[in-house]
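I have a structure here, written as structure tokens, and I will follow up with some questions on it.
Going in written order, the chains are labelled A, B, C and D, and every chain counts its residues from 1.
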Amino acid sequence: MKNSLGTSVILTLFGESHGPEIGAVLDGLAPGIPVDEGFIAAQLARRRPQGRTDTARREPDAFRIVSGVFNGRTTGAPLCILIPNTDTRSADYEKNHGLARPSHADYAAHMKYAGYEDWRGGGHFSGRITAALVAAGAVALAALSAKGIRIATHILQCGEVRDKDFSEFPAELDLVNGKDFPVIRPVEVEMEAVILAARERSDSVGGIIQTAVSGLEAGLGEPWFDALDSVLARALFSIGGIKGIEFGSGFALAGMYGSQANDPFCLQDGQVRTRTNHSGGIQGGLSNGMPLVFNCAVKPTPSIAQPQQTVNFLTGEEAVLHLVGRHDPAIIRRICPVVSALTAIVLCDQLALRHGTDYLR
Amino acid sequence: MKNSLGTSVILTLFGESHGPEIGAVLDGLAPGIPVDEGFIAAQLARRRPQGRTDTARREPDAFRIVSGVFNGRTTGAPLCILIPNTDTRSADYEKNHGLARPSHADYAAHMKYAGYEDWRGGGHFSGRITAALVAAGAVALAALSAKGIRIATHILQCGEVRDKDFSEFPAELDLVNGKDFPVIRPVEVEMEAVILAARERSDSVGGIIQTAVSGLEAGLGEPWFDALDSVLARALFSIGGIKGIEFGSGFALAGMYGSQANDPFCLQDGQVRTRTNHSGGIQGGLSNGMPLVFNCAVKPTPSIAQPQQTVNFLTGEEAVLHLVGRHDPAIIRRICPVVSALTAIVLCDQLALRHGTDYLR
Amino acid sequence: MKNSLGTSVILTLFGESHGPEIGAVLDGLAPGIPVDEGFIAAQLARRRPQGRTDTARREPDAFRIVSGVFNGRTTGAPLCILIPNTDTRSADYEKNHGLARPSHADYAAHMKYAGYEDWRGGGHFSGRITAALVAAGAVALAALSAKGIRIATHILQCGEVRDKDFSEFPAELDLVNGKDFPVIRPVEVEMEAVILAARERSDSVGGIIQTAVSGLEAGLGEPWFDALDSVLARALFSIGGIKGIEFGSGFALAGMYGSQANDPFCLQDGQVRTRTNHSGGIQGGLSNGMPLVFNCAVKPTPSIAQPQQTVNFLTGEEAVLHLVGRHDPAIIRRICPVVSALTAIVLCDQLALRHGTDYLR
Amino acid sequence: MKNSLGTSVILTLFGESHGPEIGAVLDGLAPGIPVDEGFIAAQLARRRPQGRTDTARREPDAFRIVSGVFNGRTTGAPLCILIPNTDTRSADYEKNHGLARPSHADYAAHMKYAGYEDWRGGGHFSGRITAALVAAGAVALAALSAKGIRIATHILQCGEVRDKDFSEFPAELDLVNGKDFPVIRPVEVEMEAVILAARERSDSVGGIIQTAVSGLEAGLGEPWFDALDSVLARALFSIGGIKGIEFGSGFALAGMYGSQANDPFCLQDGQVRTRTNHSGGIQGGLSNGMPLVFNCAVKPTPSIAQPQQTVNFLTGEEAVLHLVGRHDPAIIRRICPVVSALTAIVLCDQLALRHGTDYLR
């Protein structure tokens, strides 16, 4: 489905970095879900560049909902959200057209679209599109919240600075969701220092972000290709900057013995739980009632102001690229609400499939 | 699509560990692809338990193709492969029914299927089903090979023993595909020692496996939800034992600077290449013409012979589980052909979408 | 999805007329649905050639369920039913290979599959495949019946002989389902006379079949591309012999005025109903709580024993085709259970989407 | 996929009759297709109310393309077209809210969406949405035209006035596409008289429209659920006013003998053709190289100015509905470009699947 995701609740994205508007269509939502435009605006604000660590491209994200909402609630028809692009500077890109930005999609897109792609600012590959995704995801997040399901994403690692893992649910989730710079321990200043130091050197940093979901029932997902980890990973790898995903203890499990890695079951207040959560809440592709926890590896922002070796794919010659303009030395902070939004949309789809289209009303 | 995967080339799996037969339907293959039953048998042999390190459940995998092949070639109609189950010992499972095996799907499946699930040997969640997948994947592997596309998966890490990363393409891929115990450097003996030591302690080990694809064109995939990494990850996380996936340098990118992580473009024999391949052959969700490289974290086999704390979900009481019978101390070796098979099927789908249904003839 | 149908409940077909086995996979069924093999056998018997009016190809349809059923109930995992082919006479087809049978798929299939198709007996295009479909549909029919939803298909017209329209629900549905030759009024003898007269002249006849569903709730379906009529029509046109579908008064509506065609709403025992049912139970793509009624136009069986002008697509010359062997002078009787089966599977999917995967347990 | 249609080329619709904007997203188009805004405007003009026979709701359809087009050509990214709603009079609908308009979706939608639906002017069920569909279809029509594939739809029957069937390809297709009132023979005046006479009596008329496609290759489609007739019928029944579809001779085949209904193959200028085209260009679900021909039965517009018996679903009482405002006495003329647009989108999808995503450039 290319730019669409989901089976019963379906997200479709469109738009380009330098086009007039970007947008998202969210189809299959239960009718009757309250739509709070203030909450959408707040989620967009979390994704928006701000402060000292972000790109200088600043846009108000003046979204408008053109369908699917009536009297403040979803109607059950497709909900379309549009966001105009305002602060575009295509001229910055024109002089470098043909010079493949390293670790960007430029060259691969040129090979796929034979030169017809809108190359200004990354076109349809741009992280700008995630604004529409965050807006749509806000509706999903609110619907889940009304069912007691909370989602939060924090920066687990930036440079060598590391936050703690989620361990108290849902307290830490609420804590993180209340912060502009989403971390559990007070490591903002240290992480910002890493980012600013990189900017100083015309460089950029990556990091690891961690997402948790509390309040999720057991039995969501499917055994094989709609396994909960499968559908989440499909959604999350759509973000160009994410290069790795691990559920629970993930890659660390590779070095453990079964006797260490297995999560023993126990009873807590009459409920079946596991004593540890190395599985990250998923066993055999199904949620097991424990908090869902996964980490995403985010590569350093590939746009850096240093000169870089590259190829001009229009002339077929090697060249040196001097990127000008406004770069993000790190997108890890801004990617957090995107991952939460995608997670929310995937879970809405799963719940609608299991319990029917009206479940999330 | 639950037990189905793909858009133009579509795989569907069915069957249970202790049912009469398991099977796979592979629909949408180009007509005219040669089907070599010997090659299918060889791939199945690589997945089959053998030697000292595997489970004692030994099955001949006497597959038969019941549709979609005529005069030794695919017809374009759905190809169905069936494999009988022979060496099943349901009695081993009956006495433990209700006792959730830690880090298995038992409990989550019970919550999903309300007790109607076929719980014998993991039922439809069993790794046994991957035999059908490997058989179907063999047809896809051969079709790709005829186009110069090679796929191989080796054990990158087992315990603390580490193989080298793929770096010579396609030489190392051929090397690995020719081995029963797929490693590049001669680390078989060390790795087997780790596995046997674990078995000695009634324990199990996990590991990391690495897959590479050479000969892949640039421009495969889509910008968002059908990104090449998205569709591969969806396919691969269907395997219960895989808990993490990273493309290229993956999680290591999180600790790098942009100036280190970016892959500079260059010309090699007139071809656009990158000097490094931290991206693992994917940028912006599209293949970039470099070798596709990704790692999967495989958790230790959860079936271990040690007593484990658990819950009986039929009685609602805590209990101690003594697993009897035949356990794999490690499945990393046997999971390698499964990952290659899934990769092949995903790539056939992508190539068919891009170039049409007849492309792989 | 080519040989697959559905979103939450998904049917996949495979097999060829002269291959070893044909089969169907029905995925996404609620766990816990009783599976009555006797009822499946009875449905297969209704599709099987019998009596004086059908082809002499007679097969026992010794189906077996190889997955998805445990202790007599569905498990929630994919249910695979296999049926061996026994009475195949490929030699009949070999001597005519290359001669396109008029109004069969032979020529178009040759153009699609470039000569790799299994051309024996129509291969994967054969009506034989509908046996697997009927077997899978039997499980769906039984699940719907347990919810008070009844489906029946009768022969509305054969030659110039016409049965009455369904008008008493569900009495006439039960009546029709209890008959080998499904008609409401006693027109069997007249219709059989039409068929036998055609056979006498080495000719064949078509007809119109009518399907009704009673007990269906209002609000099933979607506004646009998953409209209830859309999904039913997609399913039904998969049958090669069906060349027209109309819902309610269908083509007759074209000649009516709005004041005649509109169905006035009224109250009956406190329930909202319509006085007439020209809409056939669907308005705006949604069920409206009235009986669902639709007609399918079935073309005359294209296999006739008369000499026919055609082209040999292997030699590129005009030729005369003398079909030998066993032909059905009419398939309208045998197509009735196929249409009911497809309708049942589509409705199970719709109900699962609306009310969740467990609804039909 | 609810409001989405297609596999490789995917259409998504959104919007409501009285919302601010309606729109369509067309994803998966080949990059490099010229986009002629004048041609889109011309297609929209053909769907727009005009002359004496149409509703008085008149809108300029000032569409704008917000994504997927760059330098006048498609980019390969999703193309989104938006059309503002301007001439909406919600007050007309408010006073009748709760009174189910007979043979409209009102009541069924109320049952599906539990009262949360946007009921103004039919909401998302409104024919208004087809404006977006026609705009998107214009891009598809132009792409097909560049490959020599022509599509036209004319009014075959209105009241008792009947046009002739398509028989000269592509001459009649061009003729019809050049007319505001699409008929082959000069029957405009007669048909308009039928429509105006109905309007005089506050009534409405239906009719039959016929679509033909010339220049289509043999072998498009699939044997079962993606049969060409299946996918077309799914698309076309999405239009609420269409209650029947027949391919080729359709329902007339039911009364014919096989010897009359079969289309004998012959050679014409070295090409394989059929002497007759009762099959309407489709055999076994595949195109056979003959013109594709199908008819759609269009019910009379259900909005009529006569008092009608109905039920108030908010109060649960019987009532009499007096529809006020602006009604179409016939939509058959305006539905013609909608059917051509859907047909074009379906065929683009089929061609992309068969020949790859770049085929239509």
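The working rule: a contact is a pair of C-beta atoms (placed from the backbone, for glycine too) under 8 Å apart; a residue touches a chain by one contact, two chains touch by 3 or more.
Please read these numbers as outputs of a predicted model, since none were measured by experiment.
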item	value
Comparison of A-D and B-D by number of C-beta pairs in contact, larger one	A-D
Chain separated most widely from chain C, comparing mean CA positions	A
Distance between the centres, which are taken as Cα means, of chain D and chain C, whole angstrom	26
Between chain B and chain D, centroid-to-centroid distance (C-alpha), Å	45
Distance from the mean Cα position of chain D to that of chain A, given in whole angstrom	38
Per-residue overlap in chain C, given as positions that touch at least 2 other chains	1-4, 7, 13, 77, 112-113, 124, 223, 358
Touching residues (chain side chain A, partner chain C) in the complex	7-8, 77, 223, 353-359
Contact set on chain A toward chain D in their complex	1-4, 10, 12-16, 19-23, 25, 27-28, 31-32, 64, 66-68, 70, 73-80, 82, 112-114, 116-118, 123-124, 358, 361
Chain D-touching residues of chain C, taken from the complex the two chains share	1-5, 7, 13, 100, 102-105, 107-109, 111-113, 122, 124-125, 129, 157, 159-160, 198, 201, 203-208, 217-227, 229-231, 233-235, 237-238, 240, 243-251, 253-267, 270, 272, 274-275, 278-280, 283-289, 297-304, 306, 308-311, 313, 316-318
